[in-house]
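What follows are several structures.
You will see two complexes here that share chain A, one where it goes with chain B and one where it goes with chain C.
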Partner chain A sequence: MSDHESTYVPKTGVEKWLDTRLPIIRFGADYMSLPTPRNLNYWWTFGGILALCLMTQIVTGIVLAMHYTPSVDLAFASVERIMRDVNGGWLIRYVHANGASMFFIAVYLHMLRGLYYGSYKAPREMIWIIGCVIFFLMIATAFLGYVLPWGQMSFWGAEVITNLIGAIPVLGEPILIWLRGGPAIDNATLNRFFSLHYLLPFAILGCVVLHLWALHAAGQNNPVGILIPKDREKKDMLPFHPYFTVKDGFAIILFLILFAIFVFYQPNALGHADNYIPANPLVTPAQIVPEWYMLPFYAILRAIPDKFGGVVAMFSAIGVLFVLPWLDTSKVRSMRYRPTMRTFFIIFLVVGFGLGWCGGQLPDAPVLGSFKTFTLVDGDLNSYLWLTRVLTAYYFIFFLIIMPLVGLKEQPLPIPATISEPVLTGADAVEQKG
Partner chain B sequence: MTIGMKTVSIKTILASAAIALGLMSAAPALASGVAATPRSGGFSFEGPFGTYDQGQLQRGYKVYHEVCAACHSMNLMHYRNLGDRHGPFWNPKYPNPNDNPVVKALAKEVQVGDIDSETGEAIQRDATPADKFRSPYPNATAAAAGNGGAAPPDLSVMAKAREGGADYIYSLLSGYKAAPAGLQIRDGQHYNPYMAGDLTPFWTGDHKRVPPGGFIAMPPPLQNGQVTYDDGSPQTVDQYAKDVAAFIAWTSEPKMVERKQAGLGVLIYLFIFAGITYVAYRRIWKGVAH
Partner chain C sequence: MAESVVHTEDTHSPEGGDPNRRDFIYIAAGAAAVGAGAMIAWPLINQMNPAADTLALASIEFDLTKVQEGQQVVIKWQGKPVFVRYRTPAELQKVIADDQAPDLKQPQTDAERTKPGHEKYLVVIGSCTHLGCVPTFGAGDYGGWFCPCHGSHYDASGRIRKGPAPLNLVVPDYDYLSDTRVKIG
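Up next, the complex of A and B:
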């Protein structure tokens, strides 16, 4: 697809002049006419949605930074001043705060789509790996941003997360002090977090450019998962515009409706009430919980009894995604044709939700009823601690054992030779054959 | 060699997941050390179209000013805010609330500290609409010292800082109860079933029947007939609690009405836009197999 021929013909004198000096219009025109597999479904619209999310966060964030004061004495009040005295400030702040959640909803769906349809497999490994970098940067940016309002959850979240770095043997303590700008979370911490929170989105933007570049080099995957042969391009592909601009556009508007419902009617539903209490280093909240989108990883962290072990497990949970292209041994991309793997994938989905749920509970609390069963090692069997451990085990087993093994042993369903075949006969008809 | 090819149906998995989640969510309600669920204050500002009741906000301000303000600050509020659109003393004749005579008069009742611009000496003067609500204590240390070590929290965003919002504030203020027999109350503490906490260590009765709620340092702040209403509303603790909770809901989220109104417009726009785009989508893809 990278070698798709340019069909742009400069018409006006200005265009011709520009085209020989900086072919930027050609670049845009080629992008719009990019041949795109005609069978892309709505799971493929999250790329566009994510681009919108990033731009929304950057634009609202720049405006918020004009009014925000990064000082431990003034941060909380400056955020509330934005809500009260800045024209439209309540809207800008609620869009930014809920925008982070929307960004994560979209990115999780985008990643699960990649997982289900095997979008990480050759020749698309680089697209996937850069995507993982973006996801990691998003988590870092979101964490830094949550600290800025300097509420109770901001402060104590920063305390818990930076303390994790302190768990690294030998180097932990110096890194911790370097990260915080002192022995404790204080004004220096807030200032550098603000600086980094402003920086990282532009690093994300740079990675997005690489992500798209890699995408255009390797070409888009599609629900059938087969590579489209050169001679089928005319039959199986459609130009990006207008076919996919209108499809992405429709999906974006539906997404904006969800976004608007949160911003205008439930602006604080995804946050924590404690973050409207100004930070107080002397009062620890009853329960310190991160934002919902970090809960699965927070659960994995707490599942391991050793602090450093927990940190390793948490980072491994993200790190394992980077090597996914080499853990999956199956040549078949789409799980449409891998019924065994699909079952494990659905269990993985349930486990992911379960981990998120566990991350928000007290580890010692009972899962079923209020009765105790028996103590296993360091906790009652009927506790979130042990449920989290079981789910964490599946999370890693899924990637490290199930994926390589199933790929070697399963018998995939017959794969259509072209993407037109299931289009014309109906994708379900193919699925049922197995 | 192949792994078992029998696929578990998606429905079976989803159904079992739903049951598992249902069981898990039911669990916390049975745990001990949980506060009572707040009662509904039946507030006018609930729901997607709810707005503040101006009369209630005025009464709420009166309760705050005469009772709560003796100990609790509202550092994010200025007197001018009282005359803001959708606020307690909003008057369309005065789009700039600093001109509003009611707001001016309310501010004038209060003395605030300042620096004399000629001599630089500390003085007391009448407040103006531009001033912040006067804080009852000069600093947090004084606030804590005057209240047995626990500084009364600032109330500006209290409705957003507690689960349950205005319902919680209403329930807490009107929900004081005599401590159940068997509960050891510490000095300077009061029992309230809506307060967060865990009473297990102070409970000498049946360990399976630990009373809900926790200890609160604030003694019951409201008494029947304490604040005089001139609009005929009942002068009861229940009514006072409701009104001041509504007032705090407004100070916490003064732009709520604008937000909901804007939201209605945005959603109508988006639904129409979605409809038009869907029609465009169907037209463009007409006859294109995909």
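Up next, the complex of A and C:
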């Protein structure tokens, strides 16, 4: 696709003048006419949605920074001032706060799309790896941003998460003090978190450029998962504009409706009430929970009885994604043609939701009813602790054992030679839901 | 300059034999660049370490008469809570009895965690050694503290007895200035 021939013809004198000096219009025009597999379904629209999310966060964030004061004495009040006194400040802050959640909804769906359709497999490893970097940067940015309102959850979230670094043997303590700028979370910490929260979105933007560059070098995957032969390009591809700009646009409208429902009707549904209490370093809230999008990883952290082991497990849960292209041994990309793997994928989805659910519960609380069964090692079997451990085990087994093994053992369904074949023969009808 | 390039190519062994002067210059220049990079990076990294005014707030004094028997007072030291607990004779008896308990993760006697002659006062940093939450006074299975975040139980000597925390509550450096006055830090 990188060798896609330019069809742009400069018409006016100005365009011709510009085209020999800075062919930026040609660049845009080539992008819009890029041949795109014609069978892309709605799961492919999250790329555009994510670009919109990033721009929304950057624009609202820059505006919020005009009114925010990064100081332990003034931060909370400045956020309340944004909510009450700044013209339209409530709207901008609610868009920014809920925008983070929307961003994560979209990124999780985008990643699961990649997982299901094998979009990470050769020759698209770099697209996937850069995507993982973006995901990691998003988590870091979201965490830093959550600290800024300097409420109780902000403060204690920062306390707990920075303490994770303190779990590193020997070097943990000096790194922790360096990161916080003092023996405890304080003004120095808030100031640097603000600086980094402003910086990282632009690092994400840079990675997005690399992500798209890699995408256009390797070419887009599609629901059938086959590489489209050169001689079929005319038949199996459509120009990006208007076919996919319209499809993306429709998906964006649906997504914005969901976004608006949260912003205008349930702006605090995804947050935590305790964050409307100013930070108090001497009192910990009764229960500390991270934002919903970090709950599965938080659950994995708590599943391991050892402090450093928990930290290692949590980072491994993200780290394992980076090597995914080499863990999957199957040559077939799309799970449409991998019925065995599809079953494991569906279990993985359930496990992912389960981990998220467990991350929001007290570890010792019983899962079913309120009765005790028997104590296994360090907790009752009927507790979130043990449920979390079982789910954590599946999370890692899925990537480290099931993926390599199923790829070698399974019998995939016959793969169509072209992307139009399943449509023309009607074989696609069985598997419409994707 | 161009001539010297030709000459070095002649003397340079393509199989990677003897290093010549040009190899030496490459390595020396590369090493100098790395060294310069590290020297530029260091102040940019070091600026994030605690500033002089932060370090200056290193010690505080506290009047022990403010604590009633069976209670604790929480004071802020270096941005962290410090528990000063005036333990009842019953609590004291229990923690001394537990000095050799088999479930101590970090075995320490109560005497090692207090100052001689002042055993009834326990001074510990009120941050859970797991992930830094402030444990709740008087709660938990051992009558000391219970951390609400991840369920660590401490006894009245601040020793970890149950839960994910790896270490006992930290005893800060402190000294008795008089019988009723301590200096922490």
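Quick notes on this one:
We take it that the second predicted complex is superposed on the first by the 425 of 434 C-alpha atoms of A that agree within 3 Å, B and C clash if a C-alpha of one lies under 4 Å from a C-alpha of the other, contacts with A are read in each partner's own complex, and residues count from 1 in each chain.
The criterion applied here is as follows: a residue touches a chain if its C-beta (ideal position, glycine included) is under 8 Å from a C-beta of that chain, and two chains touch if they have at least 3 such contacts.
Computed from a prediction, not measured in an experiment: that's the story for all the values here.
In the superposition on chain A, A:F353 makes contact with chain B only, while chain C stays out of contact range. Of the two partner chains placed by the overlay, only chain B lies in contact with A:N268; chain C stays clear of it.
When the two structures are aligned on the shared chain, A:G206 is found in touch with neither chain B nor chain C. Of the two partner chains placed around the shared chain by superposition, chain B and chain C are both touched by A:A286.
In the superposed model, A:E159 lies in contact with chain C only, and not with chain B. Look at A:A365: by the touch rule set out above, it reaches chain B but stays clear of chain C.
Shared contact residues of chain A, touching chain B in one structure and chain C in the other: 286. Contacts from chain B toward chain A in the complex involve residues 1-5, 7-8, 10, 13-14, 17, 20-21, 23-24, 27-28, 30-32, 48, 75-76, 81, 153-154, 156-157, 160-163, 196, 252, 254-255, 258-260, 262-264, 266-267, 270-271, 273-274, 277-278, 280-281, 284-285, 288-290. Interface residues of chain A, counted against chain C in their complex, comprise 156, 159-160, 162-164, 166, 177-179, 181-186, 188, 192, 281-288, 302, 305-307, 310, 362-364. Contact residues of chain A toward chain B in the complex are 38-40, 77, 80-81, 83-84, 90-91, 94, 238, 242-243, 246-247, 249-250, 253-254, 256-257, 260-261, 263-265, 267-268, 273-274, 276-278, 286, 339-340, 342-343, 346-347, 350, 353-354, 357, 361, 365-370, 405-406, 409-411, 420, 423-424, 434. Every residue of chain C that touches chain A in the complex is listed here, in rising order: 45, 48-51, 54, 74, 76, 78-81, 126, 130-134, 136, 147-151, 164-166.
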